[in-house]
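This is the structure, below, for whatever I ask next.
The chains carry the letters A, B, C and D, assigned in the order they are written, with residues numbered from 1 in each.
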Amino acid sequence: MEAELTFSREIGNLMYASHGNPIKDCLQCGICSGTCPAVEFMEHSPRTLIGMIGADLKDEVLASNTYWSCASCYSCTVRCPAGIDIADLMYALKRYSIWKGKHEDLIGPAFSEGFVKMIVRTGRSFEPILAPTYLPRFKAIDLFREAQTASTLILKGRMPLLPKKLKGLKNFQRMVKRIIPIGEEE
Amino acid sequence: MSEKIGVYVCHCGTNIAGIVNVEEVSQWAGSRLKDRGVVIARDYKFMCSSLGQELIEKDIKELGLTRVVVAACSPHLHERTFRTACERAGLNPYLCELVSIREQVSWVHTDKIAATAKAEAVLSGGVERVIHNEPLEPLKVPIHPDSLVVGGGIAGIQAALELADGGNHVYLVEREPSIGGHMAQFDKTFPTLDCSACILTPRMVQVGNHPNITLLTWSEVTKVDGYVGNFEVAIKKKARYVNTELCTGCGICVEKCPKKVVDDVFEAGMAKRKVIYIPFPQAVPNFPVLDAPNCTFFQKGTCKACEKFCPTNAIDFNQKDEDITVKVGNIVLATGYDLFNPRRIPQYGYGRLENIFTSLEFERLCNASGPTGGNIVLKDGITPPKTVGIVHCVGSRDQNYNGYCSAICCMQSIKFAHLVHERTGADIYNFYIDIRTPGKSYEEFYQRVLDEGTHFVRGKVAEVTEVARSPEEEGKLIIQVEDTLIGKQRRIPVDMVILSAGLEPRYDAKETGKLFGIACSADGWYIERHPKLDPIATMTEGVFIAGCVQGPKDIPATVAQGAAAAARIQGKIQQGEITLEPIRASINEDQCSGCRICNDLCPFSAILYHEDRAVSEINAALCQGCGTCVAACPAGAISGTGFSNEQILAQIEGLLLLNIDQKESKKVLA
Amino acid sequence: MKQYAYYPGCSLESLAVSYNLANIEVSRKLGLELSEIEDWNCCGATAYFPVDEFLAYTLVARNLAKGEKMGLDFVTPCNGCYKNAYFTNAYLQQDPDLAEHINSALEEDNLHIEGTSKVKHLIEVFVYDVGLEEISKKITHPLQGLRVAPYYGCQLVRPRKNGEDVENPRYFEDLLSTIGAEPVEYYSKTHCCGGSLIVTNRMAALDMINKLLQDAVKSKADVIATTCPMCNVNLEVYQGYVNREFGTDYSVPVMYFTQIMGLAMGIKPNLLGIGKELVSGATMMSFAKVKESG
Amino acid sequence: MNNDDTFEPVIIGFTCNWCSYRAADTAGTARVKYAPNIRLIRLMCSGRLDPTFVLKALANGADGVLITGCHPGDCHYVEQNYKALRRFHLLKRVLTQMGIEPGRLKLVWASAAEGAILAAEFDKFINEVRALGPLNLPLQKQKTFSTPALEEVAA
């Protein structure tokens, strides 16, 4: 007897290390929200979001900015009385939303994708390459400040102008492709 | 000579007959198992009915059956019924086997053919097994009329009084200097709010004066030998350094003692006591005890103030611990609980920030006989709080600490809210996950406190901090929490925080359990014989548990268990002797090689080793019949009555239908 | 000379070059050799998991595998890298299926991982492997009177590894007292600095930084000591942003714990990369100087 | 993956009188259904399990043996189920040496309350053994009527 695929199951399947996370054990006690340093910037508190997942409100959950506002500081995870790794849950939701292409509006997804693409290209992270993935979404004034900061950092010798590449880059990229088919544009 | 076996297959109305073709089964047994000794096989609507039982009795008398197998429900239900029936007909009850074709066949299977086949196999297993059954006599052991109660809290007090009033002698052992337990520390009791001490102390005094009670305070059980009806218990009476024969309890020694130390037992660390002290005014017995490790005389060899001023020369610095042994028939374990230590939750600030109290500390704080004379004030000793936060579920319902619910914290916290309201008129916030008030007039009490205007905020407190983020938070304790009912993050500044810490098994519960041969659950509470039908007995005959040792519970439930345990023991004492199921292991000395492998295997130390003859022997009354030693004995010298190798091996053959023609068995197996 | 497989992480080649210098200098003084893993790759920080869980493990595993090959404990000075490495290593150890899956990818790079090597943060190496005892012997210029706010950050202490105190750890304080400095008690020492949000949710991040600086200042700290390049950059580079945003006037120097240790060991500031910061460390350097002249 | 579809394994289950046997009862009372391939033997405790019982069962035609007992820490005889655990691991090795798939032996903890769980474990194990196919031991070929049990009665 195959139970139908609820949203919480879908998400559960996206959490390998935390064995699907015991989301259903949530007591709705709210210690996660009370602990969260970013909660004021979330449309729904972590507790509410877990409740919504349980209620199978898939679209509302995915539309929420909550999981993209998670700083993955794991404060909630260590305090959850039900042993739910909430930070990991937020990661799972991020994955899900990237796959479903939700949230063109936010910087988060673009940043993550850009980041990974960069890694696949060079094997190292390197701000100057990374910047274009998110800067376009900045307001003009912010852009200006970014540039300012960058130049001072360069002067301080804290921002090299050339990216480092891996020596074994080819192997590295083949390795990555074994896991996911991104970085084909190489 | 071969056995004459009677087989009886029960329809249990349609419960069995609905799925299993009972007629076929009985016919099959009659024909296929004939050469295994089955002389008669019947099926009947209700074997357990008096008519059904008479059927068996008649056959035993007329056909001279030597063995009986009944295929019906679970042996846990009717084994005794049919065994008594056999007994009435003059057949040793242990020559009757009951095999379950209801719980384990008709109720769990749907395919009639397969179910019938399995029923036949199960029956054949029973037949093979019963052939090897031996006539057994139930063991009878005399019951010593005296009893031991361990723990002088309200559970132990209740048990002791019930037994003593019943005219039996009781030894009540308490490791603290006075009886009374946690209840003596409380101020009011929920939901009736009667003063804890006022209802407890009369009982304590009764215990003190009762002719049938030997009160052994400042004492601990060190060794338990023997078995139900005949325990031999070694008790260490710790040196009091006060000769209780001479002491009048006048208290001058306490007065004169120049040294004070923090009292972290009775006053929960909220006040100091002298080094020679009487734990609290109403203590029973009312003799002081000298705390040697802290005593100046024991440290420096001078002082002796207490001795100098004692009018009756009762102080005795040379007193030594004394070991005594008592014989008892039954034991009640009522050793209570420990309070969860909130230091384990650093984010709640306990021990780091001022004015954060545990539930027990608060009980002392608002207790008229407590450090502040019952004034609810901040640590400075004068200022009453304007706002108080009460945090529920501290250390309970939390996988990081204790997963279980401590049962009493909700009511306790609501009680605190009322007391604070009554005495200070402060603003009160209760922070809860769920409110649990399952008791007589508990919910009404909750309503009353709601009515008093206490705020109930649904949310598990994230942290308690002194770091202000706004002017109105300055100098306060800030409780950070999500108000889950309105979905808002709140920072609530308060003057005082009370942490309703959960209940935990005693730190040494495991060792104590070992001492008495009883086991702890994963949570650490003692395991009862049956969670619903026998919550006060344990798997060790003659050892009972009462109160919080069995799990968190409130005072009424605790008292009820104390009384229940006493009643159970009373009954046993009345019988004078008790009969034990003769399922026991025994060692054939000729086969025993004296390897002693079995010795350490036995959790009830029922196996003793005779150095002289280099053989081991099993004490039938101590043995609980688990059979581990039987399975382990390399020489096969140990046999278990009721579960012998022969019986089990034969049953295996029966179940696999080795006992009948192969072609046939194939058909049945398929 | 005890050896470690050293994984600096990307930032130590750019934003946190000084951290790298300090780490190597101080380790040498303590008789440790940090032999850098050759041709390591980025561990993905917090940006891989949102894309693919297994990819994240694989990229971390590549570095771990190289470390395993060297037969040395894996040590990193970055909280993010540390958390990724520690748990990936643990998962691979516990879960043969995962290990198999990951190894099938590692084959492409002729690597294989068992998950057998130990993963440590540099500060743990100092406090537990070397020991405060040993460190104190190397202190030539104790930083008397220097009030340091130890900042653990998130991923150094969380998630919980094995029952350690994640709410109120003490070892950083102990280390600071050992080098003669004065660790200050302040509320937010393990609170999040919002590092992973600074790009994606700037306001949230700045708010967290603000709270943190607020507490540090309130506790009269001369300097904040960090154990992570991300935290450091966040607290230092973005201090100006916070001031602009909240009208505050913070100018708290933020230093790497190894830089501060280095000063106490009498290592020349420039060797420790001091001088590259945007918020001048002058106030705290005064303490170090006093010592050097006296 | 079962090569012979008509094959129905026969499984002997050893149960503890205090937990798993009662769990089986619970399953009955709750009318939880499971395959009829398993036949239970009641012991007082999983600690009573003599390794020869398992070997005997397999030698006499059982295709699999299930050992059940109280959860660790819950043993009604304090700690005897740990001994069962030890013997289980030992038996696994013995079976492997004898060339019998160790998968034919399984250990399951079940408290008296876990009827449904135990039933599910029954089905799971039955399917596992079904997948392994019939156990054909040389000893099994010459099954005879004369077992110790018989001789005694004859005598």
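Note that a residue touches a chain if its C-beta (ideal position, glycine included) is under 8 Å from a C-beta of that chain, and two chains touch if they have at least 3 such contacts.
Keep in mind the model is a prediction, meaning the values are calculated, not measured.
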Between B-C and A-B, the pair joined by more C-beta contacts: A-B
Chain C and chain D, separation of their C-alpha mean positions in angstrom: 54
Rounded Å distance, chain A centre to chain B centre (Cα mean): 50
Distance from chain C to chain B - Cα centre to Cα centre, in angstrom: 50
Residue numbers of chain A (touch at least two other chains): 40, 78
In chain C, residues with contacts to at least two other chains: 167, 211
Two or more partner chains touched - positions in chain D: none
Chain contact topology (line, ring, star, complete or other): other
Residue ranges of chain B touching chain A (in the complex, touch as defined): 347, 397-400, 433-434, 458-463, 480-484, 487, 489
Footprint of chain D on chain B - complex, ascending: 2-3, 36-37, 74-76, 100, 102-105, 107-111, 114-115, 117-118, 121-122, 125, 128, 131-132, 514, 517-522, 527, 539, 583, 601, 603-604, 624-628, 630-632, 640, 642-643, 645-646, 648-653, 655-656, 658-659, 662, 669-670
Chain B - residues contacting chain C, complex: 345-347, 352, 465-467, 469
In the complex, chain C residues that touch chain A: 10-11, 13-18, 39, 41-42, 44-55, 58-59, 62, 87, 91, 98, 104-106, 108-110, 154-155, 158-160, 166-167, 191-192, 194-197, 199-205, 207-208, 211, 237, 240-241, 276-278
Chain B partner contacts - residues on chain C that touch it in the complex: 165, 167-168, 187-188, 211, 215, 218
